[in-house]
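What follows are several structures.
First chain A sits with chain B, and in the next complex the same chain sits with chain C.
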Partner chain A sequence: MSNVPAELEYTEAHEWIRRLPDGTAEVGITDHAQHALGDIVYVELPEVGRAVNAGEACAVVESVKSASDVYSPVSGEVIARNGALETTPEAINQDPYGAGWMMRVRLAPGGGEPKTLSAAAYTELLSRESD
Partner chain B sequence: MAMREPTIFECGAPQRGASDQWPTPAPDAMADIPPRLRRERRPRLPEASELDVVRHFTRLSQRNFCIDTHFYPLGSCTMKYNPKACNQYAMLPEFLGRHPLAPVASSQGMLRCLHELQEILKSVTGMSAVSLVPMAGAQGEFAGVSMIRAYHRARGDLGRDEIVVPEAAHGTNPATATMCGYRVREIPVNADGDVDLAALRAAVGPRTAGIMLTNPSTLGVFERHIVEIEQIVHGAGGLLYYDGANLNAILGRVRPGDMGFDVIHMNLHKTFSTPHGGGGPGAGAVGVSNRLAPFLPIPIVGEDDGRYRWLDEHDLPQTIGRLSTFMGNVGVLLRAYIYVRMLGRDGMRAVADHATLNANYLCARLAALGFDPAYPSRRASHEFLITLKRQARLYEITAMDVAKRLLDLGFHAPTTYFPLIVPECLLIEPTETESKATLDAFVDAMARILAEMQSDRERLKSAPHTMPVRRLDDVRAAKQLDLTWPGAPAAAESAGA
Partner chain C sequence: MGRRTALFDLHHALGARTVDFGGWDMPLHYGSQVAEHNAVRRTAGVFDVSHMGVVDLDGARSRAFLERLLANDVAKLTAPGRALYGCMLNEAGGIIDDLLVYRLEGSAYRMVVNAGRRDVDLAWIRGHAAEFGVSVVEREDLAMLAVQGPEARALTAQRLSPAHASQALALAPFHACPIDDWYVARTGYTGEDGFEVMLPAARAADLFEALRAAGAVPCGLGARDTLRLEAGLNLYGNDMDEQTDPFESALGWTVAMQPATRRFIGRDALEVIERRGSTRKLVGLLLVDRGVLRRHQRVIAPGVGEGEITSGGFSPTLDRSIAFARVPIATAGEVEVDVRGRALRARVVTPPFVRHGQPLVS
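Coming up: the complex of A and B.
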């Protein structure tokens, strides 16, 4: 069964969000997503300073099977990106919730908060999908 | 068991070669090349005799695992069987020897072939006009969406900046829309493989330039709501683009023009069976409805009282322009022309009938063995999907393991892991040219693999066992792109760089 840390929020498109105390959020793809993609060989991340909108494609993850868009789960401005993934994209396979983080976003004030899932709700989604 | 074939560098020895067969360079050939542009060292090239070279490449060619040697369930998506007659007649010296700038008066025969091909493709697809010039499927898509853009602009309808693409689309569709400056709006398909009409209704509006649709879709099923889709998209002021990748399933049966499509690209190098090994050349002819006809890429062939000539920007002032020098890949177009003339109307329908019959027969037999069709409630088109999700969970095997093991058993692997929305998927397309005996042999191989999942899992996980190379490291292959023969850089260093 996939690892779904209780302290994070999730989306139906298999991204995770870690809300930090300073009002920013860290974003990556879930353990389930990395497992489904297989060995990741290339990651394209958004530029720092780019505005991202919830639900829109913001990054690309390429594995030996496929290339897939990553949808931003939040709206705001990209303030950091995990440049280490350029040389070690396998970090997403090895540690999706840690070294495999993809970008940090300063959340847009007030609006743009999409419906995210709790760890329990995401776990339920995964068990439905595996039927 | 197979032996490693040495590289061409290892086949020869220094100073060996067939130098008597080279043209002798003129003594002053280098005189007008400035010294700073000249090589300081001879390039490191293989030095091998003619017989070394012939044997090396003959041995390599004998290792080809291809449609001329094996069942090839990648199907028209990649390469159908290419009838040898098409090649033979397109290679007639009268065609081969013609210069692309030869005057129209002495090119009437070739122009007539191309004109008849345009007419036949119009008739097969139900479109009003056809241009043969796009030189590949991707260029056909580019031409198609460029015409949609030109149409809206010509009407002063400048707010349309979105193209709707269902998630079951070919990856090239969103790429083409983006390339043409559009924003892509993806919509889902439902559990039976049809477009989600509610999502489509919500997605279209004054910003909709059009929809790009493959029908039958990449899920191997015919879109049953095509009439409603046409009404929704046209009702919103958008146009309908038909990706012809799966035309093989409907030839002579249903026509995209009758479904209401405004533009279609046809992969002549797939459905119409022209060869395109090694990545080209292809031919991505486009067909259009009346409203897009003024924008067709040029040149197209016109006929006036039995005389044929090129129609260019003087005849089509609103054309999106030229896509290549001259008139597309004429050699490929001639092969397609011969193919459709050999088939005729009835033969064309028989292609679609046998392609879908073969796919449905194979799907039914594999389902009876215990494999899971991804869309069990649907009749397959010319291709179908098997999902190995259940076997992956039960036996910890993957679609790739099955694909590799098939090679050992004498079958080319089907497409794996596409489309992306079906987990552990095999996309199988037998095409119309396979006999029942071949299909049954493929089923036997799949039965054996299914048994091995339980009885000999290790053999499956470590396949292939009988190929010239074993399981390749696909992560390394994707990340380390340097394919230089390791002997080459060392040799350069020893030359005293």
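Coming up: the complex of A and C.
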């Protein structure tokens, strides 16, 4: 059974969002996603300073099996990226919600509320997908 | 639902993620493909390869038949228990399959062919066997386990009586012998030492479990693929097929053009190709930049032309991406690969990349 922390928000494309009090958000891929991909061997992250739109492909995660786009779940400016993933991409497998975080975004003012799922709704989505 | 080997329920119980391979439901991995890969390089792994086809041939003219059927020369099998790798070609010199052939006792031979080619192969073999009066028997009663890695032979021998163990451990590379109801071969597809054991299907799960209990790590097709890629071993359907010949598939060494009197199927076409010279070749690529090379990506050799990656992936042993690519014959030095719209630099190398746990390229 996949780990779905209650305090995070999720997308249908299996990204997670951690909203921070300073108007920024951390983004990564979910436990379900890392499990489906298998051993992750390479991660391509967006440049700091890049403006991203919700739904836009902004990173690539390559596993032993295949390459997958990661879509930004939020709109705003990338203010940090997890450079440690360059040398330890397996952190996404081992700790997808912690050491495996991918980027931090300053949310665009007035960009509207992104369409995200609660932990309960995401868990529901996973159970439907496994049917 | 695909075909299942005798070990399917065991794989399922061990938590395998399964994948369709050549019409068979086979384990892709049991948790971590990279951990399985590393186990084979460092200690030992056990693979269920029962999806491969075991075909027994016999008849007074079986040797003459195989001399006609295969591009490598079974005359090299000077005694029972010897094994030979080679290609079965069509009349145009295209590769129908690559296979291992073992010489059994008397006039009998055993071939091991690729899972996805079993039906095509059998139709071809039977079509040519009739005029030689050779019997063709598909051994669906057998399972096959590959036990591979520096500790693999010792672990396997522990499952045998002392007399049988020393018999198995005395086998030289590319040799095999029957031991009880096993047929033990010192062959493999990983670049490591080890055995491939053919045995009655009903006994396979017990051996798999005993090897696992002794420390062999269950390995899936994912690790099998990265191990064979590092070892510089071709995969049928990726690196060669009926549209490619052995010379442009880095398999020229498996074609016995001497003696010239041996008129094997495909020989006439290969003689023309040899005279004219090949226009393409299969090479190894070592990625210089960061990223992952994948099958079908475009290779650009500046000033020479373009080619394509036939197999690619991440090498756990080298901690970088490697590939095989079919490129214009003059390609050398450094090339560019179009990786998802980015031009990444790769170096042309001669496989294998890794043998017996040791990197051979850097």
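Basically, the second predicted complex is superposed on the first by the 130 of 131 C-alpha atoms of A that agree within 3 Å, B and C clash if a C-alpha of one lies under 4 Å from a C-alpha of the other, contacts with A are read in each partner's own complex, and residues count from 1 in each chain.
Assume a residue touches a chain if its C-beta (ideal position, glycine included) is under 8 Å from a C-beta of that chain, and two chains touch if they have at least 3 such contacts.
As the structure is a prediction and not an experimental result, all values here were calculated from the model.
Chemist: Put chain B and chain C onto chain A via the superposition and say whether they clash or fit.
Modeler: In the superposition, chain B runs into chain C.
Chemist: Once chain A of both complexes is superposed, is A:64 in touch with chain B (first), chain C (second), both, or neither?
Modeler: After superposition on chain A, A:64 lies in contact with both partners, chain B and chain C.
Chemist: Between chain B and chain C, whom does A:127 touch in the aligned arrangement: first, second, both, or neither?
Modeler: Neither partner.
Chemist: Should A:3 be classified as contacting the first partner (chain B), the second (chain C), both, or neither?
Modeler: Neither: A:3 stays clear of chain B and chain C.
Chemist: Does chain B (first) or chain C (second) touch A:86, or do both, or does neither?
Modeler: second
Chemist: When the two structures are overlaid on chain A, which partner does A:118 contact: first (chain B), second (chain C), both, or neither?
Modeler: In the superposed model, A:118 contacts neither chain B nor chain C.
Chemist: Applying the document's definition of touch, where does A:41 land relative to chain B and chain C: first, second, both, or neither?
Modeler: both
Chemist: Of the listed segments of chain B (276-284, 312-320, 330-338 or 348-356), which one clashes with chain C in the superposed model?
Modeler: Clashing stretch: 276-284.
Chemist: Overlap the chain B and chain C contact sets on chain A and report the shared residues.
Modeler: Chain A residues touching both partners: 39, 41-42, 62, 64-67, 90.
Chemist: For the complex, which residues does chain B have touching chain A?
Modeler: It comes out as residues 171, 393, 416-418, 420, 423, 474-475, 478-479.
Chemist: Show me the residue ranges of chain C that touch chain A in the complex, using the header's touch definition.
Modeler: 17, 28-29, 32-34, 222, 226, 290-292, 294, 313-314, 321, 340
Chemist: Using the touch definition up top, name the residues of chain A that touch chain C in the complex.
Modeler: The touching residues are 38-39, 41-42, 44, 60, 62, 64-67, 86, 90, 93.
Chemist: Quick check on the complex: what are the chain A residues that touch chain B?
Modeler: 36, 39, 41-42, 62, 64-68, 90, 130
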